[in-house]
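The data blocks that follow each hold one structure.
Two complexes come next, and they have one chain in common, chain A, joined by chain B in the first and chain C in the second.
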Partner chain A sequence: MTDTTLTFALMDPPYENARTATAFRLLDIAARRGYKINVFAYEGAVSLSFSRQTAHANAVHGRDAAAEDHPLPKEWIAALMAEARAAGGALDWVNCGLCVDERGVGEAIDGTRRGTPADFWNFAVASNNTLVIPTK
Partner chain B sequence: MKALNVIESAYRGTLEEQDDTIVWLTHALKGAGAEIDVLLRGNAVNYIVAGQKVTGLSFGTRTQKHAPDIVGDIKGLIGKGVAVYYIAEDASERGLADGDMIPGVNSVGRLALALLYDGYNQVWNW
Partner chain C sequence: MKNRYLLIASRDPYASKDIDHCYELAANLRDEGRVVTLFLVQNGVLPARPSDLSGRLTALAERGVTVLADDFSLAERGIDGTRLAAGISPAPLDVVVDQLAAGVRTIWH
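Let's turn to the complex of A and B:
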């Protein structure tokens, strides 16, 4: 465990662009270093932790669902949380509650929680730095 | 802690959201006690042009009430003590003059951005 705390604000929904994977790469590095990581998922990013995401087969690839091993952001988040814990850090993931409601994605995976912009501000105040990765 | 919200993406989802989501977020953060200001750049400089209005969104029999009023939302931020800046060159490149803007906003040149940023602990680019 280090004294470093980082906050990330994410906005993009799953499966739309490379920014999400880039953000997760950064989260992965921070988790491996044992940092305390805060994520505020805003707007479309609240769908990243939606628990009803389902992997599918891919006929174009000629693989069934098991072989395809389609990426599910909810599983990436769970893996990052486990990785952070194993390294002595933590990943606190907060979904903007109003953004969740308007998208109907209230069923989020364990370990994430519902919050407000005040959580984002409190995260930022308690952090060494904050990185915003907005949608464009 | 003092933060600067730099807003560049303009009119993204505003009809669906009835506002700009980062302007809205700034209102919410200010309400939560944040020391926060706003810099408008790129197409977002148009957010402070007086006289703009959004009306008339309907699909089939569903008529959407309460269109976004981003100018009004910016005025609300100014009323709450949030300093609102815009990049002068971004405005002039779009044919906008100082007189086109609502009162209470602050023009800043690109060469002065570093000095402006230096006044904040964190700068968030949206």
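Let's turn to the complex of A and C:
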């Protein structure tokens, strides 16, 4: 466990942009170091933790859902939370409540919570640093 | 760390003209005496290949900006990290986390 706290603001929805993959790579590095990590998911990023994401088959290539092993962001988030805990850190994931309601993605995985932009402000004030990854 | 800046350039000049502003910001900050790292990631690494557009990055390096290209993004695009334009070095994404943890002012573009 270190006393380093980093905050990230994410805005992209799943499967849309390489920014999401880069953001998860950054979170992975910080988690492995045992940092305390805060994520404020805003706009489309609130769908990253939607619990009803479902892996699908790939009929074109003749693979069933198990063989396709389609990646689901909700599983990446759960894995990052476990990784952070194992390294002595923590990942606190907050979804913007209004953004959640707009998109009907209120069913989020365990370990995430609903919040407001005020949470982002509080995160930033209490962090060593904050990185905002905007959509454009 | 108020004197240190990390600019993360995720766009390439072939598709986005506003990357010019990111490069200009790096140059201006450096000219004001700041310590500046320009970290290229995703398609931002494309001009790291020796080309007509890589000259701007080389010029930034000559000006004193540390120009780094994400090794993962390079590999994804089949760009050989040992054959980048002058002044540009491959680097792991850990550099970004290092600088965030150190309190370096960081801007994503």
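As a working rule, the second predicted complex is superposed on the first by the 136 of 136 C-alpha atoms of A that agree within 3 Å, B and C clash if a C-alpha of one lies under 4 Å from a C-alpha of the other, contacts with A are read in each partner's own complex, and residues count from 1 in each chain.
FYI, a residue touches a chain if its C-beta (ideal position, glycine included) is under 8 Å from a C-beta of that chain, and two chains touch if they have at least 3 such contacts.
This one's a predicted model, so the numbers in the text were calculated from it and none came from an experiment.
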Query raised in the report: After the match on chain A, would you call chain B and chain C a fit or a clash?
Result: fit
Report task. Check the residue A:Tyr35 against both partner chains and state whether it touches chain B (first), chain C (second), both, or neither. Result -> second
Query raised in the report: Is A:Ala87 contacted by the first partner chain B, the second partner chain C, both or neither?
Result: neither
Query raised in the report: Looking at the overlay, what does A:Asn128 touch: chain B (first), chain C (second), both, or neither?
Result: second
Query raised in the report: Given the touch rule stated above, what does A:Arg25 touch, chain B (first), chain C (second), both, or neither?
Result: second
Requested in this report: Quick one: classify A:Thr4 as touching chain B (first), chain C (second), both or neither.
Outcome: second
Report task. Could you tell me the angle at the CA centre of chain A between the CA centres of chain B and chain C, given to the nearest 10 degrees? Result -> 60
Query raised in the report: Touch check for A:Phe120: first (chain B), second (chain C), both, or neither?
Result: first
Requested in this report: Once the structures are superposed on A, label A:Ala57 by its partner contacts, choosing first (chain B), second (chain C), both or neither.
Outcome: neither
Requested in this report: Could you tell me if A:Glu43 is touching chain B, chain C, both of them or neither one (first, second, both, neither)?
Outcome: first
Query - Superposed arrangement (fit on chain A Cα atoms) - minimum chain B/chain C Cα distance in Å - result: 5
Query - Residues of chain A at both interfaces, chain B in one complex, chain C in the other - result: 129, 132, 134
Query - List of chain A residues in touch with chain B within their complex - result: 9, 11, 42-43, 116-118, 120-121, 124-125, 129-130, 132, 134-136
**Report entry** For the chain C and chain A complex, residues of the former touching the latter
**Finding:** 10, 41-43, 72, 93-94, 96-97, 100-104, 106, 108
Query raised in the report: Where on chain B is chain A touching in the complex?
Result: 1, 3, 9, 12-13, 21-22, 25, 28-29, 32-34, 122, 124-126
Query raised in the report: Tell me, which parts of chain A touch chain C in their complex?
Result: 4, 6, 18-19, 22, 25-26, 29-30, 33, 35, 128-129, 131-134
